[in-house]
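Structure incoming, see below.
In order of appearance the chains are A, B, C and D, and numbering begins at 1 in each one.
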Amino acid sequence: MDPNSKLSEEKVFKDPVHRYVHVRDKIIWDLIGTAEFQRLRRIRQLGTTYLTFHGAEHSRFNHSLGVYEIIRRIIDDVFHDREHWNNDERLLCLCAALLHDLGHGPFSHSFEKVFHLDHEDFTQAIITGPTEVNAVLRRIGDDFPKKVAEVIAKTYENKLVVSLISSQIDADRMDYLQRDAYYTGVSYGHFDMERILRVMRPQEDQVVIKQSGMHAVEDYIMSRYQMYWQVYFHPVTRSAEVILTKILHRAKQLHQGHYSFKHQPAHFYSLFEDELVLQDYLRLDESVILYYFQVWQDEEDPILSDLCGRFLNRRLFQYIEFNPNSQMKMWMELNHLFKKAGIDPDYYLVVDSSSDLPYDFYRPGEEEERLPIHLLMPNGDIRELSRESEIVEAISGKKRTDHKLYFPQDLIDRLSSKRKVKEQIIQLLSSGKN
Amino acid sequence: MDPNSKLSEEKVFKDPVHRYVHVRDKIIWDLIGTAEFQRLRRIRQLGTTYLTFHGAEHSRFNHSLGVYEIIRRIIDDVFHDREHWNNDERLLCLCAALLHDLGHGPFSHSFEKVFHLDHEDFTQAIITGPTEVNAVLRRIGDDFPKKVAEVIAKTYENKLVVSLISSQIDADRMDYLQRDAYYTGVSYGHFDMERILRVMRPQEDQVVIKQSGMHAVEDYIMSRYQMYWQVYFHPVTRSAEVILTKILHRAKQLHQGHYSFKHQPAHFYSLFEDELVLQDYLRLDESVILYYFQVWQDEEDPILSDLCGRFLNRRLFQYIEFNPNSQMKMWMELNHLFKKAGIDPDYYLVVDSSSDLPYDFYRPGEEEERLPIHLLMPNGDIRELSRESEIVEAISGKKRTDHKLYFPQDLIDRLSSKRKVKEQIIQLLSSGKN
Amino acid sequence: MDPNSKLSEEKVFKDPVHRYVHVRDKIIWDLIGTAEFQRLRRIRQLGTTYLTFHGAEHSRFNHSLGVYEIIRRIIDDVFHDREHWNNDERLLCLCAALLHDLGHGPFSHSFEKVFHLDHEDFTQAIITGPTEVNAVLRRIGDDFPKKVAEVIAKTYENKLVVSLISSQIDADRMDYLQRDAYYTGVSYGHFDMERILRVMRPQEDQVVIKQSGMHAVEDYIMSRYQMYWQVYFHPVTRSAEVILTKILHRAKQLHQGHYSFKHQPAHFYSLFEDELVLQDYLRLDESVILYYFQVWQDEEDPILSDLCGRFLNRRLFQYIEFNPNSQMKMWMELNHLFKKAGIDPDYYLVVDSSSDLPYDFYRPGEEEERLPIHLLMPNGDIRELSRESEIVEAISGKKRTDHKLYFPQDLIDRLSSKRKVKEQIIQLLSSGKN
Amino acid sequence: MDPNSKLSEEKVFKDPVHRYVHVRDKIIWDLIGTAEFQRLRRIRQLGTTYLTFHGAEHSRFNHSLGVYEIIRRIIDDVFHDREHWNNDERLLCLCAALLHDLGHGPFSHSFEKVFHLDHEDFTQAIITGPTEVNAVLRRIGDDFPKKVAEVIAKTYENKLVVSLISSQIDADRMDYLQRDAYYTGVSYGHFDMERILRVMRPQEDQVVIKQSGMHAVEDYIMSRYQMYWQVYFHPVTRSAEVILTKILHRAKQLHQGHYSFKHQPAHFYSLFEDELVLQDYLRLDESVILYYFQVWQDEEDPILSDLCGRFLNRRLFQYIEFNPNSQMKMWMELNHLFKKAGIDPDYYLVVDSSSDLPYDFYRPGEEEERLPIHLLMPNGDIRELSRESEIVEAISGKKRTDHKLYFPQDLIDRLSSKRKVKEQIIQLLSSGKN
């Protein structure tokens, strides 16, 4: 197939963030129409965040179109005729942008933690396996799916292409910051993307930003910082995440213990038995998960039933700040007291940690090497961002970590027959409050 | 319980449309926390519209908070100390506003059509039946649930209260126009609500608008008109709606014909047998419906399986304009040809109609009596809106109706062995195109 | 000079309405830098409107860049490669768009009325006369200034070009509706311009709109209607306009009566003597006018001094609705009473009228022939808008006129020594109130 | 007069930033109507910034209403019934907020520098002197004007009131950041003011912010930082400022040298002779200044004439970065060369510096003591912001300074008869570019 095959008429999607998403390439249109891509409509972009910010009900479908549109604008409006840019890579970039999140499952974070999955593996598998997406991509060439997968996996040889799709200032981050801000309604997350796009320049092995756009980039980094701590790591969201994780743990444990479910969890079998295959994975969307949570409310197992009810009806855990260094003793005492009170601490007393590094320059050898943002100076030099920006330098490399201890206040309040244990628990928890 | 019991600290919800939703009354906070209200998170506000406008993934939970907030602002900021307003009705209004959509099920429009349900009946049943919502409301007084239900049913004796909750310019409409515009991203749906709220005035038996705000009201009516035709009646949305309706029809038909489902549709039994009880209804949320659509894709019945796949993967029907007066003959011929081609026209050749009346003055005796919008003139007179506004007069009472004929282009394209029938169908359909 | 001569690097202006205004053509950049164009910074777009809507302090410079940018987007993003469009007209269109308001003076409306001027004549004179603008334009070709002037005067032979610059849906109107809404802060004035631009199509002798964009056009027409009555014809603005007009009348009258000004009105001489030449006109900006108003506050003439103080310190006239058919008698009586009270009715009792026609189809032979908006139907037909749109049909051709009678309430209130006359005046005026 | 005297009906101003400005107090309405307050309409908020950002044409009138409205919301919506707040101070705060910028003249920054004026002195003088504003304020009480002046001068005894009006997070800053962002159209300047207002709490001697609002405050500080460097210190704006300053210098110098002006600068006499009195100051608005600049274009003095033409027609100076430590020698050489070339370096070779301190904690004894922002912790403690916020700590106390050297590139380019000097100048200047 001609890779440049165009639709007879451009299609547009009305998008609240980018106003319009424009599709002219037949291949992009067809990818959007595949079952695997449409499935992203049934997976929320921000998992449990809608329980904190009720507006955050948008799906990964939504975000994927946005990332595609940003890359399209960079290529068609800015890079098109510039040195270092080879327009033969255009369609590859567009496909990688559109499909970069294809392997996400429902509530990815919890699922990946409990079942030791990696959504990136599934993205690769969907693109290269026996899927509708793969069939569409192969119309360009037999090795095209593999190339798309490589770009997403950051192993593609042209590092300029890789850095366009994945870097500390890529289309993915630019879309989600703005989109998540739009749907939650928070006032963070705004920065002048149009300006940043206009000053992006292709270099031999990376995308750089003209120095005149440095302040827009600073603004983007501050937006990112605020979104992480104000939205993504919101303690109420994490509370829902903790409960979700414990539901999955419990269900797996019950299955492994040959518990007899009233309603057979057929969709989960291969997952529970660590034999998950692609076709089963693709059937796990949020509707299916929420369906099971509803029917599991009627299970005999009190922990599974209680946790599912908590999640569906938003009866979340409370929390206090927790310092793993100084408060381990308190935590162990609480464990002991919870057991005495008949509340299983494995499910009802949970430490959860978040940490974020707002920006970092290149530190070779670090666990997770991050490509720094580079500025193109008026004289043609390339300089790393934190050397030019005082604001960015001030926060560069500063990792911030936050631990919280989650527990069900309502269960504690109801410990009427165990007055002494109850008092001890309440005292310990309030001593931990600051 | 003291009806004015307040939270120790005001709670706020971040809302993209109204910036913040403020809750000070304990009763409102507790209503939001009930299982029946949280269930609204699992029902999309705009049903199948997200298949046309990908941003429209917001839930009825979202909208219900918004309607509450508008009513709260009208009462606390505008009506509070005014003549004709009795602040003892405040909590009643807030509860009615919050709960007015409580009985909505998933994809209400289709469900109500196929199963002859009425979401308003369920709203009444939830408020007055054995539910968490009812228990919270009864803390105010034994007859309080009934009063809330009456306000929503428009039978409450104080007509001022009724007109605040339901009229041609009520909080419900003002919220959804703005909210649906925000999430779809369309540029219609904007009007100066802050202005309208500021010029609302309570009268003995209705809410009126000061004449100085007439132009803001005109703008609201135009927004409403545009939203109906550009968003709510969008032909692609209606195509999805048609398929959804046909899925429900088919499943019911199969059940009545004692078809043996691979996966027992337990959630649907009482529905299929016209014996739906409240507790079953409350379990029917969108997750459950989409779960069934997924498993039904694997059913033997080719129609059920095909339609479910179409809905989930957005392989919708095409359409042409249809004139029921002049094209009945064409439609009958197409019916005949579809049968010949082996495509069941009962499921695959569907006429769907939309109609809207943007505004109307009072026409006693009409099927659906609409309370007109009244202006309060500087001299104290009350005048009906269309007598003052040329723009509104111009469109007043003008009902617009639109019919379309939906069909699966892909099935027709694949009729390779029936070339003649195929050609005839294609010719008839294209003759209908304008 | 090469008409396509480009700047070495694109220049951008940050614009609140269009985000960025892009300039790549050297000729455009140089036109912006001329003294005649920079002068537009000293002339407010909306004249006296800032006395009603304090945000409306933006200049014609601001608007002119906006109109240029809209035309640039239509040509570069939509028309570029299409049939009927000859890209050789591009620069001509851009120049005409940028310069279309070049001849505006300060508070144009009043000046034109009092001194029988026409800003369009001055636009022509500046473009074709001995000016910096003319010198820049002549670098393209000796007849280029004339062509630009013809496009603005609507006499250019290529009617497609003319209709792009001036029609019932042109870049001028689209910019000012949005811009004036932005700066005043009103919620009218919003419509989906991006959508309208995308569906504009060049035809042999006009620009048409694809039928799929009809609703965006309806929205535009409603915006226009609301802006006229809510902003442009606001009675407070008209009150300031009335005073301004009377100041100019008075100063001219004094000059003609050989009144000896303390401060010689040198800038006004040629104007007062009907011998205004281009170079004098170009020196008349708002700073100059306001400077004179300030110094005239100290003139001996009580009327000139009073009116100038009123304008500068916003002590405006009050108003009542006025019906020229039924209230002429009242008006004559008031004239008489004002004279008795020692208040000159020529300056202090003023009828002012506004009228607008929101949209009209083509009515040959009418005083002001308006080119209708044409839709391009899917089958290639061209249809006039009001035949397709019910909303537009409803308001099409409906001219609305409004008359008000302005007077200084404070002077009347101070008529203490003439109690009877005062009472009669007050009674007559209040009888006119509705 | 009763200080609580209300208007019979609330007045509203449509405001693009705060949607509506609400006025209920008669005293506020009357202050707005005074000549001294209306004069603020003729003074731009951002001086010469409109020559860089064409949208920045808004006046100090605009901003003053905004500051008033923010204070009104804090008092009426948040402080009203709280401990530590005495509502008797309400009207005092509203008046101080409205009038805090009353003494600003046109292009304050340059005027104050050249003529050693201080707009704060004039604010005091207008409030306490023989003015319309003073007359209105005295209706509340004889000492009321003095109290208003003290609040603005920060000497008022109730430090809570002072900190409400002037602090590192006061209504003044919150309004101008948002307003200037709105009119320029930049994407900086956004923060969640509604959130900040809601978490402000009165304490005995200061306003504090509840810790839960810390991130909104961080966002505000970052907005402030970006606005300073991106907008307020924009090098093009400073170039216009440099020229303006030099015009004023030149005119004063000519006057002192008994130069005979063609057009007598009557408005400037007392200013030039360091005998400026209040009534003369009040007559100096931007219209007057721009009027003189226009007529001075025709003066014989080539420097005055040239500089005025540059300012009016935006033919600004170019600039290079300048390091006062290492580049003094270069600067002296350039001075020498400019003289040789016949270009007066006193007017055409200007170093201009900007510096800003984004936030600082309290440093007793410093030249300009700044009141730090204090957080109110959940346990009732008060903590200084930079101790809680890592981001703020990172930039706290870090003063940033920037120097630039301005010169007229066009004059240098035209030095054709002095080829060698020209080359030397060009070489020196380009060596300074980085």
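In this section, a residue touches a chain if its C-beta (ideal position, glycine included) is under 8 Å from a C-beta of that chain, and two chains touch if they have at least 3 such contacts.
Bear in mind that the values here come from a model prediction, so they are computed numbers and not experimental data.
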* Asked: Farthest from chain D in C-alpha centre terms, which chain would that be?
  -> B
* To do: Return the chain pair with more inter-chain C-beta contacts, choosing between B-C and B-D.
  => B-C
* Structure fact -> When centres are defined as mean Cα positions, the distance from chain B to chain D in whole Å is 52
* Asked: What whole-number Å value describes the gap between the mean CA coordinates of chain B and chain C?
  -> 44
* Structure fact -> Residues in chain C with touches to at least two other chains are numbered 19, 186
* Okay, in this complex, where on chain A does chain B touch? -> 13-17, 19, 33-35, 38, 41-42, 50-51, 53-55, 57-59, 61-62, 65, 182-186, 283, 285-291, 294, 312-315
* Contact footprint of chain A on chain D as seen in their complex -> 186-188, 190-192, 195, 215-216, 218-219, 222, 225-226, 229-230, 378-379, 390-391, 394-395, 398, 400, 433-434
* **Contact set on chain A toward chain C in their complex** => 12, 19-20, 194, 198
